[in-house]
Structures are given as structure tokens and as C-alpha cells.
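Structure in C-alpha cells, see below.
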């Protein structure tokens, strides 16, 4: 396909613009876009809660909102950002759109199931927003018993139901992806010719399918205990609140890998394209992704070192946590080595990807602090932990998500984004992010606890730094929304392969036709066969 | 459509690929079902390890004869379902409808006995939080046992109900000659789901009723 | 801003070794992060698009072999490093959680949004904790409602406080002064107000403080009174006719149970015996002790435990 | 991927009878005073019954190895959850 031919034919976008053509579509690309719109709106709500939290924390005494409202704010921020933005972000948007195209298929294995997943996701979001409008829950996204089951009268039932329903959306999306990757690869697309983004989607889907049911049943047990006043978590009846934490974290630690593994896949794609180099140690990277998915199920106890869990169990979980961090370290070194002897260029996606490596590395390394038993006693439930998981989830997953959106924007919309603005927002996000979350490491070691609207005066200086940084970060997220929407109408028309990237999705039109490929492609070369192909922009 | 549909959905290349995908899809769904029930078993097992005597005493109050009959019924319904799927593989329309109807009947019998068992439990004041009276030691832990007992058997009964609905629908479709040796995936998929509901009960029965009953 | 607080003050014997762990990780992760950053910048500049750097890879098999070697190295090196740090941090952890034998017990009851502390001598404190310097102290903690968590950053210690169970914290403060005490497990509306201060005093000043605040009978005395009031003596007194385990010298000794297990008679054993008597029935006795759940508050239970303790070290 | 080897009805009936027999055995052993051995015996029988149903009625015997892995992976997941949680509960 000559990369300079401008796409003027019938694309998946032009096959109907009325409501019904979107709400009843079975086209994985349209469903991907519907997810993108939904999670952008939900990101707005979660982000607004975060902004209010950061404003309230400017002063040691909670002056912007009452402390009860503050508790509801961080619950909204947690629930919406985890289940309604981060978990679906890359798999449901880029994954839905690109997975069939990258393996040469016409659509996912079960299109109707895919549409049902979106409706379940929206249904779950409606419940959660209903709860938010009716007073919201104040238990934090962790719902720890016995507070969630006995001592709070807030909207825990509605939020738990919302997350329960959205959980099924995750399970069905995971099921769809696993079956599609197994059964519908194009001829010649062997497992070790799959792009690493597909490996990351596959591993993420395994975790989605194997972990989410545990969350669904745990929330159901919690809600039943709340409603009927009896349950296995109730200490008054001899139940064990730590049992809830075991069941909850058995899902929630694999869930953090659901959030970061897709970002690893996106980063691999972007870095190999903008260094014109095949990913260093492709097989090691693929096995590392699977190792993270598998070991991710063994380490949940590191969330419970000081929770009353036995010291011996804590020791076992600490050792297993160190083992699970080795594959992540391997990936960082391999990304760095991919730049070696390449043709490195710095388009916006590459800046986002490099930002991802930097922030993910800091996030991963601070995870090692927390995995050490002795140190976790001091660091647990302080702002050190808050900074750690924001570095991984916001620094890692969201940076890579924005990088992926920019990298595949021409393929999705047929338009180019404004390069200058995009580079500026990538750098602004990186700087704003570090200003926001690095001070939290320091105030964390000082001992400032999480979820505190009222804090000791000596922590204020770091909180002011953090809130200042947050005001920069906000622009880092709002800017892309503006210029990307602008580019839909005024953006330069995109070629089929504007980056001269390798991958089946670049061998079809931008935006692609409804059936993705006019003829099913046959794969002959290895993944990332860039070896001296001409650099971007010809 | 006497000879049944041989073409396949647009996203597949051929019927073989579609069958493979459906088989993979249903098995992954069954894996999530195993995990759904597995969490309840895990919560039950971990609580039981902390209170062995109380749970043993509580399990002696459950109605073993009814549960034993129920197990036999479900195992038999698994047989009739398997024969129904076998009939579908050979396109024997009357046999499919026959076997599936028997399976639905056995499923309803299972639920009927379950209702009777719940009724008896209610009369013996064993329903937690609604009306629970137990004089013996560790009454709270006995109540926890019955909380998990009703939770697990209730969720399982719900799955039996859903299974009956699916099998009945398939039976109606079969009576309209929808299936053929080349296209019987819905019957196969429903059969796998029903067998799994039986497998789960094969674990529920000993764990709730039999363990350290003597 | 007079001083930019970077570091919490070290006020306990364990603080030093935890800080060493923290510095070790800071240095290690700093080196790794720097190495990655320098490598990225170096490669990005040297091999930027259009630069004249040499990009020949030499023969492919050779390149493949070195790649494998590099991959093996940066898999094994982090693994070995992590294992070393794991053992070091586990050692520090066990030192931090092991309660020394001669520790001074202080009983802490957490309830929604305040800390009750009580010294064996009967001194009671709310949201405050007076402790002697250079002497091991053990906090025996429980909660009346939800999960709280007692954290003293200055001592580098933290432990969740669970309802229905005792958890312990132990430390040896070594610098007189006042330090923060936080609740670090979300426990409801005023979670952030459930804070207090720990006052470390010289031993002499501490004794003075104790006597100045001993306006209540000792815990053991109140425990004895509760013991008689609830009629425990009817069965458990030395000369009682009913077949029930005698309490003299019981505390701290292993107890053989009816189902073959052997359990140490510590605070947890006595608590379970009072609230769930039929769970750990000693060998040779049958389970006919009634449960006192709901009739005894957490504070009263701690007083009875202190009384039982006094029976064992009295003999 | 899916199997086309049809299992003869005789096999289904045989499996059915075996399952009923095992049911009788498991109920019977419940009343034998085996002490601690009681639980493992009951669980072993139910695992055998489950294996019978999955291998024959659910056609796992002739299924693609991938399907066999998917069938078993759920049990492993729960095994990990129970074992590591019990490791905590029992060493507390």
C-alpha cells in the first residue's frame, strides 16, 4: 500500500452517524471510540475530585470541604479512576480498536459480547454516578470491613453494585481478547511475530478473566453482610476482617498489573517505531509480560504487612514481591537498550514513551522500598505509598495511554494531531507530574498518613509543592483534549502510514474500512522488522 | 432451513474457526464460574479452619437425605444433558427435545427439593439474621456456617435456574429444527454450562454436608 | 520557612536501622534510575535520526549471543540484589516486631476517633502516651469498632489495631521529647483527627508522672474486683469445688488443649477463654463455661488479664 | 480445535453409574469414624467425580491442550488464594 495515497474511500466512520448506528454497532472500532468517549467523561469526574483534594490539602486544616466530604472525594477519585478509567483505558480503547487489525482479523471473536461489555460498563458507571449524586461512599476504593460492612451509612451498596456490573464488562472484554488472539490470527502471524502490544493485551486479558470474578464475589459478600448484618468479615461474630483484605487484594494486586501491562505494550510499539529499531530482546519482553501476569497473583499480601497478618506470611509475600519485580526491571532495561544504534526521533508519542520509562522506573524502584518488610512498617499507608502507585498508574499507564492515543490518532481518525502542541503537552505533563508527586515521597517518609484532610503543620510545605505541581498537571491533561478535538476537523489529513511504522494496522487505510482489510493480509516478516527501513516522514 | 446453517459469522473465515472460538469462549466463561464459586469456597474454608468444631456441629444440622437425593438428581440430569448433546450431534430432532425436556424436569425437581430443604431449615430456626435460634455452644459461628450455606447453595440454585431457562430455550429451538450435525454449538455450549453446574454441586455437597459429619 | 523538614527525628532504637535500609534503597534506586536516564539521553543524542554515528551491528549471530548474555546479566543481578535486600529488611522487621520479655506493658484501646491508653498502675490517658526513655515498652492494642492503626513515625513503628483481637507494638524510645501519633488505617469521618502525641520522659520524670496520675486503683486491683463481681471465683478460685482450670501461675505457661493442640496462655488465650470459652477448651475439662461476650467492655477485659497476670508473677 | 470424535452413549451411562456409586461411597464414608481422614476422603471422591464429568461429559479428554489448561486454571487460582491465605491464618 503506497503510504502517500490519501484515504478517500468508505471508512468505518462514514457508515452512519445517527445515534442508533453508534449504540447498536458491532464494529470493534466504533465500540473502541464509544469507550474512549465514556472513559474521558469519567476521567473528568475523577480528575475533578483529585483537583478538589489537592486544593483542600493546601492548608493543614480542611478549609475547602468538610472532612466528611473529603472522605467522599478520595473515594470517588479512587473508585472512578481505578475501575472506570485506568482498567478500561488502554484495553477497551486502543485494545478494542487495534487488536483485530494488528493480528489481521476482521473483528473480535464475539462482537455482540463486545457491545454488551460497553453497555455493562456504562451501566456500572450509572450506578456509581447515582451513588455520587446521592451522597457518595466514604470508605475509600478499598471498602475495608468492618467499616464498610457495619459502621458506615454511606452509599456503599450503590457503588459496590456499580463496580460489580463494570466487573463483568472487564471479564467479557478479557474473554473476547483471549479467544480472538488464539483463534483469529492472520496466516503467517505466529505467536512470536505478534507485536508486543498484542502480548500485553493477551496477558492483561488473562488477568482480567482470572482476577475480576474474585472481586465480584468479594463485593457481593461485603454487600450481603452490610444488608443482613451477618457475615464472615464481622469480628463480633468471630469473623475475620483480614479475610476481606485477603480476598480484596487477591484481585486488586493483579488489577494494578491490568493497569500497567497494557502501557508496557504501547511503550514497546512507540519506542521501536521512533528508534527504527526492533525491540531489544523481543522474546524476553514477551515472557516478561507473561511472568508479570502469572506472578502477579502470588504477591497480594504485601498490602497487609502491618494489617495484623502473621510475620511469616508477610515474609513469604515480601520474597514473592521481589521476584515479581524482576520482569519489570528487565522490561525497563530492554526499552533503554532499544534506543542503542537506532534512528531516534522525538515526535510526541516518543516523548510520552520516554516519559513513561522515566516515571515507571521511579514507580517500580519505590515499589522495592515498600516490598522490604522493615521499611514498609514506616511507609505503609503514608503518602509514600500514594506517590508510588501514582508514579506507576498516572506516570506509567496514563503517559503511555496518551502516547498511544497520539501514536494511533492518525489511524483512528484519519487526521494528524498538531505536533508542536503535542510535544509541549508531553513535556508539561512530565514536569507537572514530577512536581505533583515527588514531594509526596518526602512527606511520606516524614510519616504523613494517607486520606488525611487535617494534617500536622510541618507537612504543609510539601503539600503546597504538590498542589502547585497539580495545577500544572491539569493543563497537561486538558491540552490534548482540546487540540485532539480540534484536529478532528482542522487536522492535516493523515496518510495510511504517517510514521512508516511496522504492523498490520498500518498497512490499511486511515481511517480503516469497516472490514479492516480489503483482503486478509499474510504475514511474512518478523515483528518490528525495521532494520534500516526509511525513517518517519519518508 | 432444514439442513441448518453452514455459513459462519462475518468475522470468521470458516465454521471450523467459529466452533473453535465458541468452544474456547465457553470454557473461559466456565473458568470464571469456577472462580466465582471458588471465592465462596475459599471464604468458607478459611472460616471453617478457624472454627472446626462449630462448623462440624452446624453441618450435622443440615438435611443430608434431601441433599443426597439432589446430588443424584443433578448427576442424572448431567447424563440426560449429555445424551441430548449427543442427539444434537446426530441431528435427531425428537431425541434432542426429549432429552432436554427430561433435563429441565430434573432441574426443576432439584430446585423443588431445594425449596423444601430451605423450608425445613426455616422451620428449624436455622435461617441467619431472619430467624436463627441455636442453643448449643459457639452459636455465632454456627450462624456463620448457615450464612455461607445459604449463600453458596443460593448462588448455585440461581445458576441452576439460569441453566433451566437456557435448556428450555434450546429445546424450543430444537423443536423448530434449528440444529444439525454441522451446527449444534448452542446445545453444546448449554451442555457444558449445565455440566459445570453439576461439577460445582459435586464440590458443594461434600463440603457443606459431609465433612466431619460423623 | 525556618527549616525544610526532610526527615523525621530518630527517637527509638529501631529507627537507625530502618533509616539505613531507607538510605540503602535510596542509593540503589538512585544509581539505577540515573543509569537508565543517562543511557536514554546518551543513546537518544548519539543515535538521533540523521546523526553520523556508527550503527553497524556486526554479524547477527554474534549480536544475538551478546544480547542473550546481557539479558541474563540484567535478570540475575537484580534478582541477587533483591534477595540480599529482602534478607536485610526481613531481619530488621523481625527485630522490630519481636517483643522483649521485660517490656513495660501499656494497654491501648482504639475507638472511633480517639485512643485510650492505660498503664498497669491505673494511670489513664486519652490521645496521649507517656513512656519512659531507654526501656522497652509493649503496646497491647485492640479496637472497639473498626480497624485503626497506631503509627508513631518518630519511632518508625506502625501496627493495625483490629477489633476482636490483640495486636502488639514494641519499641525502646531513646530520645526524650514529644512525637506524633497518627491513626493510619481509614476508620471513618474523623480519621484524621484521631491523632495524639507520645511524650518520652527520663525514667525518673516518668515515675514522677506515674505517681502524679495514679488517681485510680491499679488495673490488677480493678481486675480482681471485676473477677469477683462476675462470679469467676465460683469456678476458678483455688479452693473452688467445680472442675475448672485454676488461674494461679497460668499466665505465660503453655496449655494442653482437649483437641491435642498446645497453646501459650497469653493475653489472646485469656481473651478467647472469656469471650469464646468453647473454642480452646483445656485438656481434661469439658466446655461448660458460659461466654461473657457483651457483658465485659474492652477495658474491663484488659483489667481481668492484668489481674490474671498478677496471679502468675505473684506466686 | 473442537473434537469431532463423538462419545458413544454407553460411555455416558457408564460415567453416570460410576458417579452414583461414588456418591453412595462418599455418603457412606461420611458416617465411618475415620477421624481426620474423613475430610480428605470426601474431597478426593468429589475431585474424582468432577474429573469424570469434565473428562467425559464435557469432552475434555479429546480437547485441545489449551482447553484443558483453561478448564484447570480456575482451580489453581483458587488454590493459590486458599493456600496463601491459610498460611497467614494458621501462622498468626
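For reference, chains read A, B, C and D in written order, and residue numbers begin at 1 within each chain.
Criterion: a residue touches a chain if its C-beta (ideal position, glycine included) is under 8 Å from a C-beta of that chain, and two chains touch if they have at least 3 such contacts.
Everything numeric in this text was worked out from a predicted model, so none of it was measured.
Chemist: Could you find the two chains linked by the most C-beta contact pairs?
Modeler: A-C
Chemist: Centroid of chain B to centroid of chain D, CA atoms only: how many Å?
Modeler: 15
Chemist: Chain A to chain C: how many Å between their CA centres?
Modeler: The computed centroid separation for chain A versus chain C comes out at 34 Å.
Chemist: So, what's the distance in Å between the C-alpha centres of chain C and chain B?
Modeler: So the centroids are 46 Å from each other.
Chemist: Which residues does chain A have that touch at least 2 chains other than itself?
Modeler: 182-183, 210, 214, 236, 238, 240, 242-243, 246-247, 308
Chemist: Return the residues of chain C touching two or more other chains; collapse runs of consecutive numbers into ranges.
Modeler: Residue numbers touching two or more other chains: 276.
Chemist: Among the residues of chain B, pick out those that touch two or more other chains and give their numbers.
Modeler: 20, 24, 28, 31-33, 35, 38-39, 42, 46, 50-51, 138
Chemist: May I ask you to sort the chain touch graph into line, ring, star, complete or other?
Modeler: Basically it's none of the tidy shapes, so other.
Chemist: Mind listing each pair of touching chains for me?
Modeler: A-B, A-C, A-D, B-C, B-D
Chemist: Give every residue of chain A touching chain D within the complex, in rising order.
Modeler: Counting only chain A, the residues touching chain D are 182-183, 210, 214, 240, 242-243, 246-247, 250, 297-298, 300-301, 304, 308-310, 312-313, 316-317.
Chemist: Contact residues on chain D for chain B in the complex?
Modeler: Interface residues on chain D, with respect to chain B: 1-2, 6-7, 9, 12-13, 15-16, 19-20, 23, 26-27, 30-34, 38-39, 42-43, 45-46, 49-50, 53-54, 56-58, 63-64, 66-67, 70-71, 73-75, 77-78, 81-82, 85-86, 89-90.
Chemist: Would you pull the chain A residues touching chain C in the complex into a rising list?
Modeler: Those in contact with chain C are residues 62, 67-68, 71, 138-140, 142, 144, 146-147, 150-152, 235-236, 238, 241-242, 275-276, 280-281, 284, 306-308, 311, 314-315, 318-319, 322-323, 325-326, 329-330, 332-334, 336-337, 339-346, 354, 357-358, 361-362, 365-366, 368-369, 371-375, 377-378, 380-382, 442, 445-447, 449-456, 458-459, 461, 535-536.
Chemist: Which residues of chain B touch chain C in the complex?
Modeler: So the residues of chain B in touch with chain C come to 51, 53-54, 137-138.
Chemist: Please name which positions on chain B make contact with chain D in the complex.
Modeler: 16, 19-20, 23-24, 27-28, 30-35, 38-39, 41-42, 45-46, 49-50, 64, 68, 71-72, 75-76, 78-79, 81-83, 86, 89-90, 191-192, 195-196, 198-199, 202-203, 205-207, 209-214
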